[in-house]
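Labels for the chains are A, B, C, D and E, by order of writing; each one numbers its residues from 1.
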Amino acid sequence: MSLAQNRPKTEAATAGMEAAAQDRAWEPLIVAFCCNWCSYAGGDLAGTSRMQYPSNIKVIRVPCSSRMNPLFILRAFQRGADGVLVAGCHPGDCHYSTGNYLVRRRLSAFKRLIEFAGLEPERFEVRWISSSEGDKFSEVMREMTAAIKALGPNGKLRDGRWRKIT
Amino acid sequence: MAENNVDYSAKIRGVVAQDLLSGRIDLLLGWEKGHYWWQSRPLFARDQADLERLAWDSFCAVNLSRYLVDELKENKKVGVLLKGCDARALNRLVQDNMVPRERVIAYGLPCPGMLNYAALLEAAAGRKPDGIAEENGQVTVRGGGVELTVPRDRVLLDKCRHCLYPNPVHCDQLLLTPVGERQAPERFSAVQERESLSSDARFAYWEKQLERCLRCYACRQACPYCSCRECFVEQEQPRWLSKASQPSENFMFHLIRAYHGAGRCIDCGECQRACPVGIPLQELNRKLIKDINELYGHYEAGLDPGQEPPLLTYRPDDPAAFSEK
Amino acid sequence: MKQTENHSRFIEEMKERSGQDPACCLQCAKCSAACPVSAVMDLLPHQVIRYLQLGFTDEACKSKTPWVCASCFTCAARCPRDLDLARMMEGIRLVALRRREGNRLNPGELTPEQLKQLPQQALVSGFRKYTK
Amino acid sequence: MRYRYFPGCTVKDQAKNMEETTLAAAAVLGIELEEIPEWQCCGAVFPLYEDEVITLLSPVRTLAKAAGDPVVSLCAACHHILKRAQEVMQRNAEARRKATDFLEVEYDGQGRVLHFLEVLRDDYGFARLGQTVKKPLAGRKVAAYYGCLLLRPSKVMQFDDPENPSIMEEFLKALGAEVVTTPYRTECCGAYLSVTQKQVAEDTVAKILNSAERAGAEVIITACPLCRYNLENCGRTAGKRMPVYYFSELLAEALAVAGTAAVEAGEVRPG
Amino acid sequence: MPRVGVFICWCGTNIAGTVDIETVVETARNFPGVVHTADYRYLCSEIGQDLIKEAIKNEKLEQVVVGTCSPRMHESTFRKAVAEAGLNPFLLEVANLREHCSWVHQDKTEATAKAIALLRAAAAKAVLNAPLIAPRLDVEKRALVIGGGIAGIQAALDIAEAGYPVDVVEREPSIGGRMAQLEKTFPTLDCAACILTPKMVEAAQHPQINLLTYSEVEEVKGFVGQFDVKIRQKARAIDATKCTGCGVCYEKCPTKTESEFEMGLAKRKAIYVPFPQAVPNVPVIDRDNCLYFRKGRCRICEKECPPQAVYFEQQDQILERRYGAIVVATGFDQLNPVEYGEYAYGQHPDVLTSLEFERFFNAAGPTGGKVVRLSDGKPPRNVVFIQCVGSRDKARGMNYCSKICCMFTAKQAILLKEKVPEARSYVFYIDVRTAGKGYEEFQRRAAEQYGVAYLRGQVGKVFPDGDRLTVKGVDSLSGKTIEIQADMVVLAAASVARGDAAQVGRVIGINSDQYHFFNEAHPKLKPVETHTAGIFIAGACQAPKDIPDSVAQASAAAVKAVGLLAKEKLQGEACTARVDQSGCSGCLYCEAVCPYGAISAVQIEEHFRGEKLTRIVAEVNAALCQGCGSCTVACRSGSINLQGYTNAQILAEVDAICL
């Protein structure tokens, strides 16, 4: 396939909306990076307690939210994610004691930067979810999915050579 | 300043000549005139002859600190002429262990701000200027037998118009008398203007800007905080991003380039000045400076080498740009 | 357990309009113990809630209790499950009233002396609560 | 200190002396109560089911008229309803939209809604009141009766500790009276059951007055016309003779404000 | 491209019920590098594991991917299996097809699609897996027990008996904790002191146990096997080596103040031992109340002390020690029911909490063992017990059941009947919960033999009317409202976490639930472990517990600690950070963000145009690194990477999941 024809259009975002409008079947892809000790465990608890949430969420396990390199987030958007979530232990509860304090600064700055570049705030979120908060885990997943569905597919920062905007 | 700065150049030359010829330094980093009268380029002076070419005028925008990293590999001790921004750049490099401070002699040059050729062209109202004269805050542009005088502030480089620290900090020797403190109320106005737009409008704006990017990396080469031995854009393992000049790749490059400067960028604007296609890169850097100052307390990179960069530290009660419910 | 259509509609309405869900009650009966007017109730407050839990909505609506309730909010103030019984009683009253089961207060019953002495607030509220 | 004043129906008729004594006292204390023009009945009951916005209209209209200025009332019921209506306006966006659209007013729940006692406690200050008192009620054994509407639900009313209130006791202390507390001071008097189920009201009132008597009270005060009505009437049938005053009557007496209905009625002994 | 094997677990119907295994296996076949696929009903079973081992041998697999339950559940199981087949255990990736997929989705098509995505990501990460070797770490063969209550004492004794030295840190001047405040214990009614005191003494005299009473833990650093702890030993102002415990000092001391041990029901002196059987039997001077410390005069105790043990100049000592394991047993508090105004607690002297009431039975207690009304000193006739004060209460209290109240109330009702035969007990309850050996029988005895009246309902309000307490309650079973003229009211106030539990947890480095009880690592399978390796919890600091449960949990925690101390070396973290010196520019931002001080600067030599140049780069101490990866983000050039979670691997996962 030639690069040219797949380059996202300038109005990629709006194009996405239209696509969504026509194609009811569109389902957002949301990548959730969860720290192993709190949020991923919270996800396990949600599972053990059978707390349902949309299957749009796909979790990637990282040891600590402070492992989150902003490049991973951009990469996800580039490859077609419609939303990205980073979840970690509540400040003060970090398994590595200080990781999430650093994350709070790093990702606050980064969130504002990509919003400045034109990404809708809802598309990138950071949440603190403890290992005992299975309910919060599923709640956050439901909320995020709903928010992204309302926004429609993401064309911004996306590289058309990968996942198509359906 | 033009006519007087002859003496300035002489004065500077006088001081550094002693150190260079006495062998106190092996090399002096300064400026010399380029092909055009409106260009001053880096000078690498090793002897009297080289020193003769040393020039200090309103076009010495190039940040010399950055050259220290390489020059110190070959030279034991290097002297360097530093404007306000260059001095803060040196502090950053020292803070990042890129430059051993003890092997540098920093000559401080209080800086009235450098001139922007494009602005001069404008001031010349179409005629091709062949030189300028400066006197108490006025710049007179000569060209086609006509002389047009404009206030100096109007023809400054953007980076200088918003400069808060024209006087070099932490120098070994201050060569000229300090200039007055400056205010920069407009520093974040462009950022704020952009912030007021809708997400889509902002995206459209940046997409249009970044479409032009040639991925020549001049911004990176000019930047005093881009001190990596190998930049992430060139890495094969992992391949962070492809070399293709492609919208999402360009976003990725520029967002991360800016993010790598978070809490480290001294706002010297060399990246923007170096950009051949005129992308307003400094806006991205200033956005980060502005937000980090708002969220985590005022911090000016390079001002105080002892102060920890904001992203390397934290306070348990820090605010967040996301919901902590 | 009765699971009538009518019952589930009633519970849904109650949840939606008063934010109160009978299922949250663990029948500690503190409401009944706290109620200043329980003496003249045919069902104690916690029993009314129990009826709702079990699906005996009609029976609950027929009870005198909701009409005796003076909305003094003592039960709500002390309920360990954070239920506002006053709101639930109101719900039952409204259902009954809206079913036009006749008004509970007939102006004729008031003595002229009462009408003279009663604070307006009592008259108005009496009518507001007991009539449609 | 300026406030928008909402009297309410009862205060203009059955409970005239509460208003007169309050206004007289307020004048002495330099508390300006500016009556809200063309005010309407508060609605008398707070709609506990939030599906009917109609019943909220008149309190909301009143609050909207005050446009954010502090609103003060004397009648416990009026205060209760205004305060809770405000809370609905703050919490329930749907109800707010309906109500304001219908009334064609701007209101988003702003402004303080106060009972006059709160003004005395929080704005004027009981300490200062104590100094302004001219005729301390020395030796008068007074019990405070709170009833329901001022205290509950405490989350919304934020008037005082719902089980252990102290505002009226502090108030009485400021007036120099000897405070008598009764455990029944926060129990309901039977409210409008005196209309439909008189017996209930009589029993509850008997409990209240008996315990006040046992505790040695000579006088009992309240801020609610209905409470006063029940305490007096049901008390009488229960053979109780303990005088029931509005808090404001003792206030007027302690400030030696002459010429009030209360004074003429001989309920206040001018010093 | 390495040879990858993919194994899918049905987990009975847990996964297979919602995920179409066949489709998943079919798709997995085409993942890059996959040469073998298989599925099995229970992959974690012996047969299931053999399936993997066989395949590794026969198919010459170099990487293994399993689609099973959460890696937090069985990752270690499968690592072991892989290792037994001769592969490096870290050449295994787990896709969480149960907790994160089949259990949270119902639509089979959706769940199957997601399962495939998760599996694809795991496979993409697996092909980049490299063999890792965990560093072997030393174990400091000494344990620390925080809290000297029954749980702490038991844990300390068990660890000491196993032959390891133990330090016990207790905040109060004596060990003993809550149990020391009790008169008798249910369901056997044997006296608390009679069974506790011997244990306290045994702990004090045990050669392996070192009691640090009147001390607090100020800082915990390090990691499993090597915790570096700072302990503040508060100054008693007594030279313990000289003190004989004769007690003259507190007889003579002129200053009285409220006794904490008696919860303010009785007085103690400014120099005091909290209770007669205190261990150690060495007094403490309470500096806030001592005349000498406040006004600079008195010193009577000093004059009177026969062995001259009083030592006013004594200063706090900071003890710094290394421990291999820590057991946290900091206990619980009883909720202060003053919030519940309707019960008149604090408004009337005869309304008490059950812990206060307990002291009335104790011969050394505030009433010398007589059960009398504080108001008039008369023995009570009617005593009303109110259950669930602050328990099962989401409005004003705790949402949970405090577990022990039903039993101690039955106990107190029985004790009351024995002390005051003519007294009558009324218990207002919501449910009577007596799960435990001999508990139900005990409670029935209270009702049947001791005539305790159980009323199923709550109390609306307690009216302090005159000298009596009018209790207005209800019996929901008969639907009768009930008024009792009571002489005493006893509130079974909720058992709650210590007021400073969250703070303490933070210092120690373990997290707590929304009630500030410390979190166990797994609600069923790791009840005494915490998420921090080497730190264990015991007793009521984890949740409300009675004595048998606390003791059992303490012994369990002790075994865990001993098991750890018994190890010659510990397996360190295998997934540690690693520096690529050629790319490292030596800015050391990684060092700045490392929470473990695992990164430091080293000087290296380089050749540049024939010249020898030295420069500094970062270096990781694998023994200290715990693998959080914070450093990898601080490094702009990606020159420091986290093994097991490398940049390349996470990017590969992202790409695969987005495909």
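Throughout what follows, contacts are C-beta pairs under 8 Å (C-beta built on N, C-alpha and C of every residue); 3 or more make two chains touch, one makes a residue touch a chain.
Small disclaimer: the values here were computed from a predicted structure and weren't measured.
Path length between chain A and chain D in the touching-chain graph (shortest route): 2.
Averaging C-alpha coordinates per chain and comparing to chain A, the farthest chain turns out to be D. Distance from chain E peaks, on a Cα-centroid basis, for B. The centroid of the Cα atoms in chain B and the matching centroid in chain C are 75 Å apart.
In this assembly, the C-alpha centroid of chain A lies 36 Å from the C-alpha centroid of chain B. Here the CA centre of chain A is 48 Å from the CA centre of chain C. Chain C and chain E, compared by their mean Cα positions, are separated by 46 Å.
Residue positions of chain C touching 2 or more other chains: 39, 74. Across the assembly, chain E contributes residues 342, 461, 593, 647, 651 that each touch 2 or more other chains.
Under the contact definition stated at the top, the residues of chain A that touch 2 or more other chains are 70-71, 75, 92, 98, 102, 106. Interface note: chains touch in the pairs A-B, A-E, B-E, C-D, C-E, D-E.
Residues 161-164, 183-184, 187, 211, 214 of chain D are the ones touching chain E in the complex. Touching chain A in their complex are the following residues of chain E: 70-73, 96, 98-101, 103-107, 110-111, 113-114, 117-118, 121, 506, 509, 511, 513-514, 519, 531-532, 575, 593, 595-596, 626-630, 632-633, 642, 645, 647, 650-651, 653-655, 657-659. Only residues 342, 388, 392-397, 430, 456-461, 472-476, 479, 481 of chain E touch chain C when the two sit together in their complex.
Taken together, the chain C residues at the contact with chain D in this complex read 13, 16-18, 36-37, 39-40, 67-68, 70-74, 76-77, 84, 86-87, 89-91, 94, 104-105, 110, 114, 117-126, 128-130. Every residue of chain E that touches chain D in the complex is listed here, in rising order: 340-342, 344, 347, 461, 463-466, 470.
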